[in-house]
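The following pair of complexes shares a single chain, chain A, combined with chain B in the former and chain C in the latter.
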Partner chain A sequence: MRAKTITEEELCTFVADLVAAGTRVTAPVRAAEGKVDYRAITRFEEAAIGAELPRRSLKEFFLPPTEPLFSWRQGKGDVTVKPVSVSFPPHVVLGARPCDAAAVEILDRVMGWDYRDELWFGRREATTIVSVACPGIDGSCFCTATGRGPDSTRGSDLMMTPVDGGYFVEAVTPKGEAFVRTHAARFADVADPGTTVAAEAFRARARSRVAENLTLSLPALRSWLGSSFDHELWRTIALRCHGCGACASVCPTCHCFDIVDEPDGVRAGTRRRNWDTCQTARFTVHASGHNPRTDQNARFRQRVMHKFSIYPDRFGEVLCTGCGRCARACPGGMDLPEVLKTIAALAGADGPREAAV
Partner chain B sequence: MKELQELARTLLSSGTVGVVIGWEEGPRGARPAFITDAADSSRLIFDHRCTHNLATYLSPRRPHMARLGKAAIVVKGCDARAVAGLLRETQVKREDVVIIGVRCGGVAADPAGAKPLTAETVAERCPGCTAREPHLADHVVGEAQPEPPGAPTRDARIAELDAMSAPKRWAFWQAEFARCIRCNACREVCPMCFCERCVGDKTEPQWLESSPHPRGNFAWHVTRALHQAGRCVDCGECQRACPADIPLGLLNRKIAGIVADRFDYRATDDPTVPAPIGAFSMSDRQEFIL
Partner chain C sequence: MNLYQPNLVTISDLIDETPDTRTLKLTFQDPQLAAGFDFKAGQFGEYSVFGAGESTFCIASSPTRKGSIECTFKAVGKATRAMRELGVGDTMGFRGPYGNHFPVDRMEKASVVFVAGGIGLAPVRCVIWNVLDKRDAFDEVTIVYGARSVSDLVYKRELAEWASHADIKLWQTVDPGGETSEWKGEIGFVPAIVEKAAPSAKNAFAVVCGPPVMIKYTLPVLQKLGFADDRVYTTLENRMKCGIGKCGRCNVGPVYVCKDGPVFTAKELAALPPEY
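Then we have the complex of A and B:
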């Protein structure tokens, strides 16, 4: 499909019409406390596209912080189980950051691996993700080092790049193409070849800006991690880490959850799943009281290992999109890009101990 | 700064301590530093971005810290109240810690901010601070600093909340707590949340629902605030750590006001002053019983 353009004015009527037709539209919005969040909008004018990175990523629209899995009621001699609905109304995310869109697709791997998570995929199928190419936020961005980039189309159905007066629009997936076809009147053909050039220039500038922050050899990193579980680096890596898990809650790819049963009065209850994080001591404590991850150093090692060794071993790509939120949110000043830089230097100095895969 | 670095070097090279807990320059502004080698003492800094209350690293539930040996800790006057809290509640022995007090002129709300300290950038708790001169200290370094910029705002915000009708105030906190995702950052950074096993983590029985829904969030925040009554040292770390920017400091400050009113107790850096939760006085008001 050929690239299109759309104006800001058109987006205003488009969003209003989508909402009127029953589509849920989510976009970055400036909240009362001054920060930006992805939230439901009814008018395009509410959206803060191109402002700072939203506090949390898009993952909560597919894996909410808490959600019921089913509820039950105990009767006389039997139990009635009431499942939750796994069908969802149409949803458009407008103005997703490419790092957040990529994360959702990366998570499709684990969510559909040994069990196809109906809630995750129910929401995925109902959602069209329209990303906007990012100019790069600050020195904590490292998307290019994770194999993605500020203009990466991974996970996006449509990619928009800001140009004068509107956006340069490219369909990425068949779902994105269908979206453009369904709403063909909203989009215009690219009239001026200068628009294409301007869009590419915007993206090239963003890529080089972010690439200045960090470059990594992911295979070398993975290889070093695979053979360095007992490396001395881990003994003091997380002294300043509080084990609070703020990093995981803002992370677009951290997806661990806990399952709890909560009573709804007597003889009835709801089973829910809630976000969880390997950064807390409680995450691995056994019923006996023994905790195989003895301290915060071991817990932080797990976070790095899962993202850059375990997940690529199983699913072929790193579990990180380089959004930098963990570094920005950390109250103790832990900095994942800095840690990766340290490991990259060790991996380079020591050389890969196993053949890079 | 030189004075602080020299002191750290002496403490480490003489073997007096195994680690000096202070601040250093990080990739995103000032951050906690753990100096174990005297040669690294020159990394230590102190300026208006040193917002973090480092006393939380003395908590006994951090075994990886204990392995570094006896600690020297750099504290602002306000942070010293947390060290006093840990001493008062017998979590730390006085002889096991060397306290280095620094004179403070107020700190920024965001330690990553490179901006100068102004009424806009200063941490909420700083304007009007009366704890800037450290008393609970083995060493005090630095010159006297000017008053923090800005005027106190929190008590006015609390008065605004108090003036609301109960349903309106309920709606205010419901809206704030609605953003909570129960990451527990508020608890983990808190120097006074040192329980080996928090009531919020207990499952048999489960006192508090762990789900981030209105019932669970309300139960968690109110329980934590009550467990901090007369114990909170007003360092503001819970609010700074919160990834959802919930104004937890307001809740703690409100309760501190009630404790001050009823028990004439205010957070102090004097560890010999008993906290009201651990003290009984015949003059305690008990009209609510009858």
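Then we have the complex of A and C:
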């Protein structure tokens, strides 16, 4: 499918059409406290597309912070279980960041290997992700170092790039193409070849801006991690870490969860899946009291290992999109890009040493 | 019904093994599942009490015995304490079977040495019955089982049955001080009794499960007896939630205990970082 363009005015109509058809539309919205979050919108004017990075990623729209797995009711001697639905109404995310869209596709692997998580894929199938190319946010961004970039199309069905008067639009998936066809009246063909050039120039600028923050050799990093479980780096790495899990909460790819029962009275209740994090002490503690990960250094090592060694070994790509949220959110000043830089130096995998973060 | 919704099972029998350990016999309420449920020795499941949550243990009965499954547990956490409160006729949840299994087929025509300590006999018992139910397919069978005290020995009725079989060499032991005046078995720690029993490593496999300290000191004994570390199997426990490779909880380095395990060879275990 050829690239298209869409104006801000047409986007207004587009959102109105979707909402009128009963489609849930989510976009970055500037919240009352001035921060940007992905939230439901009913009019395009509510969206803050291209503003700063939303505080949380898109993860919660596919793996909610808490969700029911089923509910039960106890009768006399028997139990009746009521399943939850695994089909979901149509949903469009408009103005997703490429790092957040990529994360969703990366998580498809763990959610789909061997056992298929119907709740995750039910929401995935119901959702069309329209991303907007990112200009790069700040010094904590390192998406280019994770093998993606501010214009990565991974996980997106459609990719929009800001150009004068609107957006340059490319369909990435068959779902994205079908979406453009369905809403053909909203999109125009690219009239001026300069538009394509301008879009590419925007993206090239963004890529080089982010690449200045950090460059890495991921294979060298992975190879060092694979053989450095006992390295002295891990003995002091997490001295500043409080184990609060803010990093995992804002992370687009952290997907650890807990399963707990929430009673509703004494004879009924709901079993729920809740976000959890490997950064807390209780995460791995056995009922006996034995805890295989005894201190915060070990827990932080697990986080780094899982993202840059274990997940790539198992699923072929790093479990990180370089969004930098963990570094921005940490109350203790733990900075993953800095940690990666240190490891890269140990692994001989670092890029230009003068690179600024 | 999604992946995390358990099948309903009824407690059809219960046996108190020790003052704090109980075995439950569970029958699937769905008749089709009750007739068709199959698993392999060493696989585990997520057992749940509605309102208290899930707990992970191996299936302690043998796959050769159809119609129901058994689990043996100690009431130490929220879910297991709630399980302890249930009685015959009550309903529980079960998801599984999950994980890999002991290579019982590979052990055929060979001798098998079982070494277990305390409640660690539960997963081993599953393999023992699997082997005994096809006794002719195997060569020598040796069982070394120990617990802290006589009252901590689980499956006492089955130990008595195994002791009466001429084609099973059974060594029972209790830790020094754990014996009673009637105790006729050994007194000593499991690794020492394995050394004393000295089973032949010739064309043999070993299946070991028990407290980490027992495993730690048993492995060198088996090695001394000539067991190759890829013919010694054990089963690993780590905290789990999903049991199916998603929740990110049970990994030991690159290994997901729920998917790559719970059964590992001593060789595989030696290659893992010490996070279990």
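Methods note: the second predicted complex is superposed on the first by the 348 of 357 C-alpha atoms of A that agree within 3 Å, B and C clash if a C-alpha of one lies under 4 Å from a C-alpha of the other, contacts with A are read in each partner's own complex, and residues count from 1 in each chain.
Simple rule for what comes next: a contact is a pair of C-beta atoms (placed from the backbone, for glycine too) under 8 Å apart; a residue touches a chain by one contact, two chains touch by 3 or more.
Note that the structure is a prediction, hence the values are computed from the model and not measured.
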Partners on chain A (chain B, chain C) - clash or fit: fit
Which superposed partner A:Asn297 touches (first chain B, second chain C, both, neither): first
Chain B versus chain C as contact partner of A:Asp192, first or second or both or neither: neither
Which of chain B and chain C A:Arg56 touches, first, second, both or neither: first
First, second, both or neither for A:Trp275, with chain B first and chain C second: first
Chain B versus chain C as contact partner of A:Gly245, first or second or both or neither: first
Touching partner for A:Asp17 - first (chain B), second (chain C), both, neither: neither
Partner chain(s) touched by A:Gly333 [first = chain B, second = chain C, both, neither]: first
Partner chain in contact with A:Gln74 - chain B first, chain C second, else both or neither: second
Chain B versus chain C as contact partner of A:Asp258, first or second or both or neither: both
Minimum C-alpha spacing, chains overlaid - chain B and chain C, in Å: 5
Overlap of chain C and chain B interfaces on chain A (superposed complexes): 258, 260
Interfacial residue positions of chain B with respect to chain A in the complex: 26-34, 52, 56-57, 61-65, 68, 111-112, 181-185, 187-189, 201, 209-213, 216, 237, 240-245
Residues of chain A that touch chain C when the two form their complex: 69-70, 72, 74, 77-79, 81, 83-84, 86, 110-111, 113-119, 226, 229-230, 255-261, 263, 266, 269, 271, 273, 276, 278, 283-288, 292-293, 298, 302, 305-306, 309-310, 313-314
Residues on chain C engaged by chain A in the complex (per definition of touch): 1-6, 8, 48, 50-55, 76-77, 80, 89-91, 93, 237-239, 241-242, 244-249, 251-254, 256, 259, 273-276
Residues on chain A engaged by chain B in the complex (per definition of touch): 33, 35, 55-56, 65-66, 139-140, 236, 238-240, 242-246, 248-250, 258, 260, 262, 272, 274-275, 277, 280-282, 294-297, 327-329, 331-333, 335, 337-338
